[in-house]
């Protein structure tokens, strides 16, 4: 049985395990003051092209999102996201648990549109009763989105301009950032993305690490006492070295991007495989998550051999499914799928 | 330079790194539904002697404490702890951040006294205005305490009886549980401790793991939808296998206890070393944290060679210090200290 | 200048001021333990036909909503409301501030539809990942709605049945309850409404009181320690008599309903006035809030003489406006409007 | 039966009821935008001698404290108070409910000592691990304290200087402010107090109003969007006029101070009465709350005729009691007490 259900089915890239073993008995201080974390931060600052960036290493995605959002907002503010945004749906209300509302806009294949954001903000401030409402205090995007789609440079720039107009900071959730940047359809570099954000994350968990999300404030403007608030959110690891070693490894010799590219290459082959056999795409994703409308015959053929995620069953019996590749996916796994698929 | 500053200066026990490597490419589902986590839970249930126990694996100590406490309490309740309790001092207000007050009692070398708890509760309910106050809803102890001390079976039983009388659940924070249980002065077994708690934790981070705290509800009475609340607190790991593999390894063939015993053996030798050379103990700790009153001469002799933690400088120039041993401490490190110490 | 902008433009019904003056120097205990509050509660229990009801008197609407909702929910739950619900829009995120999400459904002239609620709940529990989401824990309706509309007995009963099916409690926000019950189109009695709710409020502020909302748990099942949580929410009045005297007066000899009927009678005349002069209704409201599409000529004619609320300006220059009557509106005020209206 | 149990046993000063009746049918906008509130704010700005002050009118004491404290603090901060402070004991954890810790210092007859505050802050910042702890973000004093005692000008100035040194804002809870300022032992004027605070409250509820606390930011530096946060805390009254009319009346022709002086005059007579008959004072209070050690004989003599509050029963059978006078206490009530007291 092979699984395409998600991009966190395996452990870590072997280079990470090696590094953990190699550094294991070097004594280092806790809470992110270790040398590995320092090195990782320096490498990330270089990779994002922002020498003045502040970087923090946290453990998980929901944890990172709620910590960043809660610390960027004042009590009277909420975060603006599309209605399919991860924070709006699949984080068990973690943002609300910190006291803040998620203000939702329509999603277009998972994406926010700059003109809809602009219209919402114009309408908000035009409303005479806006002081009785939650004020927008941050804009949240995911890149790639929950549907695998990407913002083009023009689209992200347009959203940035709306944010500037309303003096709203912009947060990009990059839980799958590597898979976005390595897509053939991506016209943004990491540096260009960094320059358009006030804060963004570089996901490790889904791109080769055991765990870990790097939070980057490109201009070095982290909220005051962010360290203390990370602890308050239960997000401070005693052995910060676990995160330090992993990100240090991922950002040495471009490993992060190299293994992301592997996933994208195989995802494109996987899409081509389905398309060539006549399957309908639920949407045309340029990244490692592929959304396929699977026939009942295909489902039967794959049963017990290939696992994937079912999002929805259609009235005609077909199913909207997700097949995800990752840094760990192999050509052999794809070949198995190809051989079975009717 | 060798360090006795804390018990999380190194990575993980090699058996854990081996297990991570060995299992690395086995595909498993996320969020704790993996086979390693299942196995770890079964081993823990067996070790604590509670077949009906519910076990959850979380990542860090503050995270675990605030998640357990917030989910055990109703909005109108607070948690009772001694004033030196970790949750009362060194968790950046994580408990308060979830909306709950820490109600403090005096500490006696880090310990709560059953009679003081009883008197507090009697006084509380005798106060005609108690409905204007935060109601006690949970009792929190650490075992060992922040001062390395231990509750005897009689002491823990007495506290349990007070809890029973007031129908208060009891939570034991076992961030260093192994070091407590392996102390020569400990007259409690893990099973006996489990039977006296409503919930307790088995600390992995300080006892050989890269990260991880096991939360055990011995009678199987976890709060409803605990899984969802773990996620809401940002405490759910996507690759739950990272925790599963570690606890599975630690609870195979008694590894957890064996490596804890190593730390205790060396801690007792370390204490004896200081005592034999005429140093005063700040308090007589039976576990892996030793509190020594260090002279200026000794501090000078160790400078640059041996690191430890300074808690307080006394008017006479001596310092209250903490020397911690761990699963990773070696006889060689102790010999180095012995050679340097005047 | 006369104002139809809202139903809280004046002070209190004179009978309330008289009662406050009459009882002013009678010494009574604080925090709702006074005799006036006891009497008010007894009268309310009688009016709602629930001898076992628990009744609490709070001060304001947003305060009452967030206190009731937060105390009815467990941490992992949110409250289901339509997207135009007061709690979803105009309460400055008070519900989220207590840590809970407002889960929104489409609104139909301000109303929730039982079949849409049912479909949402079915979809929710059919979603394999629902444990990663906020669980629905309470259903919130306003009666009348923010658009002045009413649920029929059949509609409310249908929603109740969906709630029963999913074991969800139902909360009806009756900030304008009197105006709803006295509408000629209302086919529900207060008793019938009470029997369909787990908790509802009887608004005083907008129906003749200086301030005050009565919270009624018809079956006597208030959350444990509700009193303490009311205090914790800053919603406990030291001089509870202020609320007690007011509700005692409002529920003596049916005053509450009599003065609500006055508002409704005048609202129907006001609607008829506009309709007879050819104005379009934005929607046909059966209660004290009337939504009129006002021409520019009419706006000009009323300028400086009659105030009302503008909700939106249409592309053709006309405005969607709200005219509210209240217990204090007089036939003379309506006559002034009629005389000015082109 | 007459009652000295507290200072909120009656309704409001008759001048307030008159003003409410007189203004009752004047139509005014809601939410504090009414003319009465504007007038009240102007009068308060004048009385406190701060033309640039920002003034807000809220409803109750706990509500006001938790709203002010939560909006003055950042997430990582707590409020420093003495352990007998109202916010630390008798507000049902309202401060913690907003996510903030109350950091407590010893109380000296209810008062904080500047040198203890200074020592705490010095120790805090000297602790190498302070970033793992809740940072002090505000200092809270009550004036008078919960024990009726007062800070002298020198004491308050000393605390102010400590606050300045650590750049900590100072909040004075003036729930009984009038009774403090009118004490013969008070050497502070209202203007002098205002100049030493960043924010303070002027209590109405206990000094002649039905309800209401004025929040004053003397330098005009209220937290941004304080209005929205007042609403978010459920503390915004729809009919703000209720608070406006009351404070407008209290601050016209010095009524607030005049009626406070009445309470103080009678409190001094009451104290003298007990002292002259040989009763022990639990402490020597200079304000309207008097703490008397009452003999069993006296308790018996007063039974059923005079009510007071019992704080504690001593081993010898005597009771520590509180007798409170108020704006409403009459010489006749005192005479009754005198006649009965053995």
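We call the chains A, B, C and D, going by the order they appear; numbering starts again at 1 in every chain.
Everything that follows uses one rule, which is that a residue touches a chain if its C-beta (ideal position, glycine included) is under 8 Å from a C-beta of that chain, and two chains touch if they have at least 3 such contacts.
Being a predicted model, the structure only gives us computed values, none of them experimental.
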Steps needed, at fewest, to go from chain A to chain C via touching chains: 1
Chain pair with more C-beta contacts, C-D versus A-D: C-D
Whole-Å gap separating chain A and chain D, where each centre is the average of the chain's CA atoms: 50
Chain B and chain D: spacing of chain centres that average the CA atoms, whole Å: 42
Between chain D and chain C, distance of the C-alpha-averaged centres to the nearest whole Å: 33
Residues of chain B whose C-beta touches two or more other chains: 75-76, 91-93, 97, 99, 131-133, 228-229, 231-232
Chain D - residues contacting chain B, complex: 75-76, 78, 89-93, 96-102, 129, 131-134, 310
Of all residues in chain B, those that touch chain C in their complex: 31, 70-71, 74-76, 99, 131-133, 135, 224-225, 227-229, 231-232
Contact footprint of chain A on chain B as seen in their complex: 1-3, 5-6, 8-12, 14, 17, 20-21, 23-30, 59-64, 66-67, 91-94, 97, 205-206, 210-211, 228-229, 231-239, 241-242, 328
